[in-house]
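Have a look at the structure below before the remarks.
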Amino acid sequence: MSDTSAQPEVHHHGPPQAFIRKYVFSLDHKVIGLQYYGLALVAVFIGMVLSWLFRIHLGWANMAIPGLQLLSPNGAPGGVMTPEYYLSLLTMHGTIMVFFVLTNAPFAGFGNYFLPIQIAAEDMAFPRFNMMSFWTTFVAFLVLMAAFFVHDGPPISGWTAYATLSSVGKAAGPGEALGQDLWIVSIGFFCIGQLLGSLNFIATTLDLRTKGMKLARMPLSTWAWFITACIGLLAFADLLPGAILLLLDRTAGTSFFSPAGLVVGDVVQPHSGGSPLLWQHLFWFFGHPEVYIAIIPAFGIVAHILPAFMRKPMLGGMRVMIGCMTAAAFLSYMVWGHHMFVSGMNPFSAITFSVPTLIITIPFTVATLIFLGSIYGANLRFTSASLFSLGFISVFISGGISGFFLAQPSIDVYVHATYFVVAHFHFVMAVAAIFGIFAGSYFWMPKMVGRMMDETLGKLHFWLTFIGVYCIFMPMHYLGLAGNVRRYAAFTDNYMIPLIPVHKFITIAALLTGAAQLIFLYNLFHTRFWGPIAPENPWEATSLEWSTPSPPPFDNFGGKHPVVYQDPYEYGVEGPQDYVMQTAPGKVTAT
Amino acid sequence: MASTTYPPARPVAKPVMAMPGARALGDQRAVATPQAAATQTGIWVCVCAIFMCFAALISALVVREGASTDWRHLALPRILYFNTLVLMLSSYTLEVCRHRFAASVRQEAGPSETPLPDLFPWLYATILLGSIFVVGQYLAWRALEASGFYLATNPSSSFFYVLTAMHGLHVLGGMAGLIYMARRLARSVSIKQASALGATAVYWHFMGFLWIFLFLVMAIRL
Amino acid sequence: MGKVFCVLLVIITLVSVYPIIAHTWWPPPTISTTGPSVDRQLDETMVGTGVLFISSQLILAGFVWAFGGRKGKIKNWPGGHKPVVAFGIIIVGLEILSLTFVGSKAWAAMYLAPPNEHALRVDVQAEQFAFFFRYAGPDGVFGGVHPELISDATGNYFGLDLEHDVASRDDIVVGSLTIPVDTPILLTLHSKDMIHNFYVPELRLQQDIVPGLEIPLHFTATKAGHYEIVCTQLCGLGHYSMRAFLDVLSQPDFDAWLKQQSGD
């Protein structure tokens, strides 16, 4: 089955024995992947609780939330949230979710675990850099969490940290003192961690593939991770200098982003000549590719999982899906200005950014149509993993549709900075990408921990979550159409007050849906200790991770070097079983 | 099933930066292992990321210059010319070192227990020149401060300090890499170090090219 | 299981679409000359994307019903992937072409067209957390602005040099924007501290107000009434309460108001 002479021995290191080396400062990509996943799990829980807190405040503005004064006596005296604390919680929610959940779990988490296995490499190309990348990210997380505990509290400028609110320092308001500095430092560390990660993904994909694993035979999940790593390389390399310049404006008196003549609270600021728009350009040049970093791995994971549960390959094979992901990644660098249509930049640029933004809808539409067309004629099997994958298609459609509106400046002029935008990005990121993470979790948990997850609990988790997310985020579109402005701590404008009941509905839906996630947490915990033992290939799937034990041995394939003969999604073939593993030699007769 | 000690390596996606003269050997060992290929890919990925970082800073510079009328032009400290020469020289010494490394491997045709003395003076010279460069950059800062331009004095000086500091930091990283190579080579000089030495050289030469590029930008626009 | 998914998704789709069709929560009627073109764009996009949304969700639901739990020989989409890819490119391509052509005209009318030469000019100062509006007064000339003289404490929001600058003495500074109906208005937006935003939903207009920049915004209001101006760009803790009112008066009423303000 595998040819041991296929490649020379590439042992990076022997299996570690000491606890610290094995579980803490591990060089093993599988451990590192699990560490990232674990960090993302902690982060998503914190981010979710933050959203409950500030959403409760939106629905019931004067309510005292018991215990909140313990977290911040200044921010919530007597448990009643102040407007600045609302903004702090909102800022931290966005930052934690975008960076530590959506960039970590689908890309660094699953990618680190499965990319080497899916190409039958023993480990990532640079295990020490890989370890450093996780621990740098971990330090970034700690620095960010520290912002909760400084005197002035976490920053209030949103995850986008627009200058001059973020660049003038303390004078701008509570939260804009040490909290903002810690935020910037955290982001800086995060960039470095991600760059080290991207380095590993790219080098490993290009150079450590096993014999027979041509690029076109890599599974779509590996393709997605590779493309994401390429995007991330340039994106994070742009955010890091931006963050440094912002920190200098705040601490060293420079004027990159702060113009002359600023008078904050009757005090003239010493800056001169800086451009607040410069920050926006630097940020969104990173920021837009970043959201594609969040979605493309989820896309790849779903595209990888669905064939196993449809028992047929994707319509159009590898090329169409790879083409869609590559086109989207490439175009993602040309559209950043669509976040800035009304920012004060030259209105003519709005049109030049709008065109590629609308064009980007094409590869995503084609990919969605391919998903739909692939289901036609399939033998659909329903498991938690496949339900979340099918759900992904639905929520991705819902989220993508609102993109058509936002891409046009003449409509954005009305819905910019309203809940319409909040609806759009939550659907594509908080829902679709999370569905991808859930699908991957249910699909790969048996391989990672060697035990099967409870399917009944998984399916219950799916139904509750699927209904819940629509209840939470669909109404936000209507709020936006009614002109409900975002990042408001309370609604005191005449035309927004009648919308508060909708906010209450959304908050209740959010609390219930959040509670439903406990089912997933419980399932994870229960599986780890008491789940039934998982076979090597419980889903009858074809890719390389299913031709090694659950969980895989230290060097992934137990000393063997698998040779690949088949394309990754040979399902629906004739013969005693309806699939052919990638490692099986011979020619495949498709039906 | 073949059973040679070094089975033919699979075709590598990128052209391998083998050591000078390696092909002349006709020795299969000169062709890259996957790990060596990954090292080459890796260093070029690093180069891309670092380049992007400086591209962002230079775009910021251009935008900032046009955003306001407060830009005052700098006279660049003269010592920068000397520093540039030093950095160029260090690239030369590193290349001589690599040449001698190739020669050593060719001569010994196998792992060597006693490090041949030839390549080390050139490696140390590179490290020394790198240190001189860094010190020289610091002196350039002092010179600029003496003429009244500090970090926050003017956007032009802000960019001067930021660009030179970022470049200097990366040069220090490169020197750490050179010191690491010196220690590895001190243990043994063999073909196994070829790709690591090659990667270190790519990075170091890139630091030189990057410096020239930055120097030009600063001379023209600052 | 597939049938449950299908039914649930159909319900979700219909429930989601209902408030759109019924205009349950909808933009308020527009009062601006450029408003109808924005509304047209919105309606067109709503119809186009509505068709895409409903059909794709129902297709997903239908396919999951039809092929869920199936155990036969798998079938391929008739014609393979090529018609699917072509359909995607052509349909979306056509839609975006038409939207872009019409939409850019609407955008240009708001932001690229030069303001009317006889527009009523109003200077707008945004700050944490209020808007102030300045009219030129009887002399028709705006006084100069001096940031170092800005003082919220003394009510000198624009930093006018009343001592030395004669033109500034008759400038009218108020906390709400009063304008005559059917008259071109030209706002010049300034911010003294953070990025703010001037947004009136009924005008279908918004514009970020960026410190260090002077940003023009022009429009013509077509219906008298009392409207809200809200800040949509996060500017600090009072962002949620930063608002002013827009009063659109008939021409005689506006003249009376202006006269009264000048007399003060």
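The first chain written gets the first letter, and so on, giving A, B and C; residue counts start at 1 in each chain.
By definition in this document, a contact is a pair of C-beta atoms (placed from the backbone, for glycine too) under 8 Å apart; a residue touches a chain by one contact, two chains touch by 3 or more.
Since we're looking at a predicted model, the values are computed, not measured.
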Inset, instruction - If every chain is a node and every touching pair an edge, decide which shape results: line, ring, star, complete or other. - result: line
Legend entry - Farthest chain (mean CA position) relative to chain B: C
Legend entry - Between chain C and chain A, distance of the C-alpha-averaged centres to the nearest whole Å: 30
Inset, instruction - Report, in whole Å, the distance between the mean C-alpha point of chain B and the mean C-alpha point of chain C. - result: 51
Inset, instruction - Between chain A and chain B, tell me the centre distance in angstrom, where each centre is the average of that chain's C-alpha atoms. - result: 34
Legend entry - For chain B, residues that touch 2 or more chains besides their own: 67-68
Inset, instruction - Among the residues of chain C, pick out those that touch two or more other chains and give their numbers. - result: 212
Inset, instruction - Could you list which residues of chain A touch at least two other chains? - result: 259-260, 273-275, 277
Legend entry - Footprint of chain A on chain B - complex, ascending: 1-3, 6-7, 9-10, 12-14, 33-35, 37-39, 41-42, 45-46, 48-50, 52-57, 59-60, 63-64, 67-71, 151-152, 155, 158, 162, 166
Inset, instruction - Quick one: which bits of chain A touch chain C in the complex? Just the residue numbers, please. - result: 82-84, 87, 156-158, 162-165, 168, 172-174, 259-266, 268, 273-277, 310-312, 315-317, 320, 342-344, 347-348, 350-351, 354-355, 358-359, 361-362, 365-366, 368-370, 372-382, 387, 390, 393-394, 397-398, 401, 404-405, 408-411, 413-414, 416-418, 459, 463, 466-467, 470, 474, 478-479, 481-483, 485-495, 499, 502, 571-572, 591
Inset, instruction - Provide the residue numbers of chain C that touch chain A in the complex, in ascending order. - result: 1-2, 4-5, 8-9, 12, 16, 19-20, 24-28, 37-38, 41-42, 45, 48-49, 52-53, 56-57, 59-60, 63-64, 67-77, 80-82, 84-85, 87-89, 91-93, 95-96, 99-100, 103-104, 106-107, 110-112, 127-128, 147-148, 150-153, 159, 192-195, 197, 199, 201, 204-213, 215, 228, 230-241, 243
Legend entry - Residues on chain A engaged by chain B in the complex (per definition of touch): 3-8, 10, 12, 125-126, 195, 198-199, 202-204, 206-208, 211, 233-234, 236-238, 240-242, 244-245, 248, 252-256, 259-260, 272-275, 277-278, 281-282, 285
